[in-house]
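Next up is a structure, given as structure tokens.
In this document, chain identifiers A, B, C, D and E correspond to the written order of the chains, with residue numbering beginning at 1 in each.
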Amino acid sequence: MTDPILSVRRLTIDIPLAQGTMHAVRGIDFDLKRGETLCIVGESGSGKSLTSLAVMGLLSGKLRRSADRLEFAGIDLMRQKPRTMRSLRGDRMAMIFQEPMTSLNPAYTIGDQLAEAYLLHRRASRVEALARAVELLGKVGITAAESRLSQYPHQLSGGLRQRVMIAMALMCEPELIIADEPTTALDVTIQAQILRLLADLQREMNMAMILVTHDLGIVARIADKVAVMYAGEVVEQGTAREIFDNPRHPYTRGLLRCIPVPGKTKPGEHLGSIPGIVPSLVGVVEGCAFRGRCDVAAPSCADPIPEQKEGAEHAWRCIHGQAEEGAPA
Amino acid sequence: MARTIDTAAQQIRTASPAALLRRRIFGHYGLLFGIVVLATIVLIAAFAPLLTAHDPYTQDLLARMKPPFWMAGSDPDHLLGTDHLGRDYLARLLYGARISLAIGVIAALISGLIGTAMGVAAGYFGGRVDLVVTFLINVRLAMPVVLVALAVVAILDGSLQVVIMVLGLLLWDRFAVVMRSSVLQVRDLEYVNAAKAIGCSVPRVILSEIMPNVVNNLIVVATLEMAHAILLEAALSFLGLGVQPPTPSWGLMISEGKQMLLFEPWLIAIPGVALFVLVLAINLLGDGLRDVSAPENKG
Amino acid sequence: MSETATPPVLELASVTKTYQVKQGMFGKPKPLHALSGVSLRLNRKDVLGLVGESGCGKSTLAKILLGLEMPTDGRVLVDGREIAPGERRLLARRIQPVFQDPYSSLNPRKSIEDIIALPLLVHGIGDGAAREQAVTRMLDLVGLPARVRRGYPSQLSGGQRQRVAIARALIMKPEIVICDEPTSALDVSVQSQILNLLGDLREELGLTYLFISHNLAVVEHLATRVAVMYLGQIVEEAPARDLFAGPRHPYTTALLESVLTPDPSLSVPDTHLGAAYPNPISPPPGCRFHPRCGKVRDICRTTPPPRVEGPEGHVDCHLYSAAPTH
Amino acid sequence: MLAFALKRLGLAVLVTLTVSLLSFSLLFMSGDPASAIAGENAGAADIEAIRTLYGFDRPFLVQYADWLFSALRGDFGQSYYFKLPVSELIADRLSVTMLLGVCGISFALLTAVPLGVAAAMRPNSFIDRTALFLSVMGQAMPSFWFGLVLIVIFSIRLGWLPPSGTAGWQNFVMPTIVLGYYAMPAIMRLTRAGMLEVLGADYIRTARAKGASEWRVMFKHALRNAVVPVVSLAAVQMGFMLGGSIVVESIFALHGAGYLAWESIGRNDLPTVQALILIFSMFYIVFTFLSDLANAWLDPRIRVG
Amino acid sequence: MAGKADDTLNAAFTKELESVDSYFNSAREGVILQRSIWDGLLYLNQETGEYEGNLATSWQWVDDTTLELKLREGVKFHNGEEFDADDVVYTVNFVAKPENGVVVQRNVNWMKEAVKVDKYTVRIITNGPFPAAFEYLAGPVSIYPNEYYAEAGPAGMALKPVGTGPYQVESVEPGKHFVLKKYEGYHDSPKGRATIGTVDIRTIPDINTQLAELFSGGLDFIWGVPADQAEKLEAMGRFNVANESTMRIGYLELDAAGRSGEHPIKKRAVRQAIAHAIDRQAIVDSLLKGKSKVVNSACFPSQFGCEQDVAVYDYDPQKAKALLAEAGYPDGFTVDFYAYRDRPYAEAMLSYLANVGITANLKYLQYSALREMRHKGETSMSFQTWGSYSVNDASAITSQFFKHGVEDFARDDEVKAWLDKADTSIDPAVRKENYSLALKKIADEAYWVPLFSYNSNYVLTQDAEYTPTPDEVVRFFQVHWK
């Protein structure tokens, strides 16, 4: 067994607000090995995007990050100077964002922006950088790559732009790639293409990948490991098969019941639902954050919740946690 | 199956918009300063007769240019001294607040009506209306304001009414620009479509769906234009083509005091500072309103 | 097309909508065909799912049905009667919308009560007390606590707002509700609540839905019929169960393949869809889908495909025409 | 790009024509030009003779067309007052105003842009507050008053700078500051707001994720985009400045076009005022036109496709 | 810094001068330049009041309308052209033609033509008996070089003026900057030679800027300084301040003839009330100061024919109110009060009028705009001033305004008849008598309310000296360094 390339323990992110401190991410743990894909799944406000930005060291100044351990390839990211973080970003760890329409600088050509990613980290001439750009554009399935170099972002469709973003992230062959909702803004048909491209490249280049999404369908198709986040906590994590076939946390189960699955849910019948809304994370949050919406909540849910485990891979935070009978409805 | 999603967690989450606004206003010192100073000036203007025993028009040629209280030779009866015709400077200053405020408010009102009508029409109807309005805005922007205002006032002679009308008719451009873009932003929001789909008439859509959502921009522009109008009037008066004496306008007082600039600088310092403070207060009010109505665009 | 005893409650007859996209003051305006000869029938109590990618004309279609846009050509019929351009208010009484984004579909300056009661006010129905009663009834119907009535949209969650939007749509007792992506802006857990609510209301009030969505799983769950749009045209229409069981048009097939069901045993599918979505200002000749089609033939590049009528629907594709037409 | 330029040019011409018609008709109503030509101590018969001599008895549109076609050839007629060709008169004065305008806008840009960027980099910091303070002061300060105060301090009390005239660069220091400070607040605020907005944009995060340094992020990625609206504003301000230089020119006795305009209004010198209004408008139009082109160059979304 | 050190006198004009050509401007600044650049045929000695020869050495009336002059020999224009009878003939014949458009026709329209007798003798033929001819020949009628003027015309003359005067023009930037250089070849004129090498004149519109320049040494000589500032400057002790009265008087023009329609001012009692309402002495003492005096007659006291024994309206608000009541306006009335200069004086008058119940709305217009309104007879009350072109004769003022012209708001036939007689007679006694009759009636009827005479303050650096004259004309050639 190899050492994880990314190891996170008790990562916490606090946001100071006028009304108090918002505990947006509350002590999460996960590990990721080379070649593995971890999907962080959760609804809006669960802290999944902040987690990915925290790993990259891209949280904005006001946000406070702390962790017992935040190690990337043996480097303690918590203790690095901004300069070192810069040399890692874009080189050994790269990121793809949600909005391909706005994530490229409108003032510069595709070629400029791709080359920049390379030139920042490699001693190379501009010509070499552009050659590398053409190579990667080809790799992400963009035809007539050379002619694209002189184009501006607004001249490309959303799908193409997301491919450019992927190419940009891969310019320096990173060891870790973080994709934050990379297909949310795209059409379904394009979404499938982009996801497939990502999955193929990840396998081909043997990268570790974190994919942040709210779409359980994507998770199921692409993840090796899944971390389900709710209200700033990872409430359940494990292999994709474990999570989907044997969900333990009531929230995970609820989510799975909510989505209509062609062939499984009967058309027109009631879908499962999770009543209520996500609680406020401002101020002190104690016990299970889900208990207000949970149909099996008990008084002891207000106490600290220990982590439960089943095997090496499957863990969840719930005082219940016995396997549910049958498949999720 | 409960159709009601109401549970213990399901409270009305945040404060009402009004309460939020209140909270933001009291957290904004610039805005508070603007409100307090402006309110003070408005009160001064309203109660000017109670604040001084002097009439701003009564001249006393034997008591000309008496210095204000902090200077040697001052007359305790004239706290801020007297002007070149021996009129009480404090009285003129207090009554002058009325003139400046009237000019600011009425000019902003007139230009606001014109500009808002044009901007809203352009933003809402788009197409040819927009083309015409944009063209008019371009024409208006291309005309040098001070020059045109001077020319018109020179033609029509400078009474208070004429100055106000000219400024009102000239300063509508920013209203039109801002209202046009605000309405453009709001126009395609879905609640406007919803209102149309419900069957609302065009006036109703504009007045009850669009206007309430752009009115804060309107107020911000109105304050800025008010300040603009006050400054422009002062400049016109300074150039001798503003309101006419003996009206105690601050701009006119500076223009009159300018004659003795090198020897009696307090003659322009007093109305100058008053003008500066008034404009400052209005600007701070406007800036503050913009900040509290759209805190994310602070700046 | 199947014969119905009564005329369809809503019908579009070869509706075309062309926008003149002006390129500057002196640039020649170019036509953008948002809809090219769209015909649709909506029968009472049907849920017609309308699917397609962004830019295919779904939203334009919805706007025409809501009277927000006038068709360039073609007719809109309600109960077999053509709606003249001036009859928007008439349309409004029978057709009501639920929009995609509950954050922008409610006027932030108005109280919930005023938002819901607006249609009654506009159409002069009932007095103040009656309207208040109606609002109470609607709040109850959509599952909102009565106390939100004095609140403002900013105080509600996304799901609650969408409920308000539904309440507003239903207070006029319309027959048809146009749901334009009503759940795509919502979280999964809330999405299911709204879908359930829409399903229940349809049963209780006998509503007819036009359900516009790009999420085929949702459409399959709710729709009784499905129409697939591509670049301003309806390329396939069929009863939902038929379409999902046996898609005929290659585009429909690709769409279905793109649906990612939460099944960890499957990987990401290869939809074989080439190229990106074409520019609607200059649509490809022949079959508009041909540049992306995996089963493209020569004829597809030159000749628009014929409409192949099936027992309960149609498909526009050369693959199913008996003989190549010219 | 060419089509874009042509379209803007067409609009500019149309605006110019409208402004010319407006200013012509406005001043046509400004009383009897014959009286203005006659000068201060002329008799009634003198004036009557002049009226027919100059053709003021012709219909309005004839006079306008006549004037316009001459103006197109650069002939704005004779100044009633100076009895010289208006074009010569203005050409002579314009250089001062232009110089003043260029100095003023440079002063404004050189103070406003760095301040705005610095303020945006550190919101709510000391420098941000200073910048805000300066801009609030600048917006509230009547420029004629500011000019007078400067004269009292720097010419009278300290004797550092000459209070009037155009003899040397020293003469332009105070007018530049007064005029520049008038334009500074708006540019500063726009720079700051633009930078703040751009710094929050997704592509800035992308640049950071690539490992670009803060400096590079700020000046290569952010400023280039934030500067686009600033260019437009600077052009507009420059247009306003030239038109609004009247006050400054009269205080500092700069014999520029603004001062000429003011005097000409008082003298009822119709051809000069008409020409000046038109020329100031043209300046505004030309500057905004140039800024549109500059923006098109800066922003490929306008330039390409 | 310029000044005594480099023999340059820096002076300032307040107004942009439209044209340096003295026949094509009507401004005080033009007169000032004219006196330095050109010469007249005669010269009026300000001290003795006698006419002396300048370009002419002798002159005499051949008949009522023919004046023969002998010209000075050996005079050269600045461009080297020789001065002789051709220059006089050309100049007079050019300016006397109305179609040549000389701005101030009154200065020249009394001349019909000039005829050359020999190289140094000319005759000027007038359009009728014209007793004030010498006044004009010593004043506004300057002699131009015929060859140069024929070629350059008024436009060329405005840019590059050429005369015979004590100063020649170094450079002209129209309206804003004029540099004069001492003319070394100046003839032996009663004007005397210039002593200061260079006179550098800039136009600085604002009197405060002028003062600031004076303080900082940028200017050596300014004039027209308002009384308040002059007082302060004098108190500072750093400058030479001289005050001299001018021939300009201020007056209220009242529409007695009703040209502007029906209004109270048509009534004599109302006009008299207005005269009684204003404390002219207070205005003179507090605002004009210096050598200003209250005037009672419709002319400047030193002018020939300016009768001083006329009705005097002393400051008496009670009487004013009584007169108003008598006229049927016990509560006063409202009227528009037009003015074009000296706003503080106008304001002071408004206040006095308000005290007796007359609400006067100030309409402050540009001169030409106001003149136009007056020509159309639209003003019922306006504050006017008149400087008589420094012509020391009542014909230059009283006759200007009371002979049924467009600026006559009295339209009194009797007055017109008297004035006509006075203007055309060459018998001083007849003239005096008729002016007296006219002026007495004007005062009795209160057609005008004569207010005060003006004065001017001249401020120089301590290095320079100048004795101002009452004709308000600055003579640079008489300024000299200490």
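By our rule, a residue touches a chain if its C-beta (ideal position, glycine included) is under 8 Å from a C-beta of that chain, and two chains touch if they have at least 3 such contacts.
Just so it is clear, the model here is predicted, and its values are computed rather than measured.
Engineer: With chain centres defined as mean CA positions, report which chain is farthest from chain C.
Structural biologist: When every chain centre is compared against chain C, the largest gap points to E.
Engineer: State the chain with the largest centre-to-centre distance from chain A, centres being mean CA positions.
Structural biologist: E
Engineer: Find the geometric centre of each of chain B and chain D from their Cα atoms only, then give the gap between the two centres in Å, rounded to an integer.
Structural biologist: So the centroids are 23 Å from each other.
Engineer: So the centre of each chain is just the mean of its C-alpha atoms; given that, what is the distance between chain A and chain D in Å?
Structural biologist: Centre separation, chain A to chain D: 53 Å.
Engineer: CA centre of chain B versus CA centre of chain E: separation in Å?
Structural biologist: 46
Engineer: What are the residue numbers in chain E that touch two or more other chains?
Structural biologist: Counting only residues that touch two or more other chains, chain E contributes 206, 208, 212, 215, 366, 369.
Engineer: Please output the residue numbers of chain A that touch at least 2 other chains, ranges allowed.
Structural biologist: Each of 270, 273, 275, 277 in chain A touches at least two other chains.
Engineer: Tell me, which residues of chain D touch at least two other chains?
Structural biologist: 11, 31, 148, 151, 156, 250, 265-266
Engineer: Can you list the chain C residues touching chain B in their complex?
Structural biologist: 25, 63, 66-68, 88-89, 91-93, 95-97, 99-101, 104-110, 118-119, 122-123, 142-145, 147-148, 151-152, 154-157, 159-160, 165, 168, 172, 193, 196-197, 200
Engineer: Give every residue of chain A touching chain D within the complex, in rising order.
Structural biologist: 56, 58, 82, 86-91, 94-95, 97, 99, 102-109, 116-117, 120-121, 152, 154-155, 165, 168-169
Engineer: Where on chain D does chain B make contact in their complex?
Structural biologist: 11, 14-16, 18-19, 22-23, 26-27, 29-31, 119-120, 123, 136-137, 139-145, 148-149, 151-152, 156, 189, 192-193, 196-197, 236, 239-240, 242-244, 246-247, 250, 258, 261-262, 265-266, 273, 276-277, 280-281, 284-285, 288
Engineer: With touch defined as at the start, can you tell me which chain E residues reach chain B in the complex?
Structural biologist: 206-208, 211-212, 215, 226, 228-229, 232, 279, 282-283, 285-287, 343-344, 346-348, 350-351, 354, 361-366, 369
Engineer: Contact residues on chain B for chain E in the complex?
Structural biologist: Against chain E, the touching part of chain B is residues 57-59, 61-62, 64-65, 84-86, 154, 157-159, 240, 244-246, 256, 258-263.
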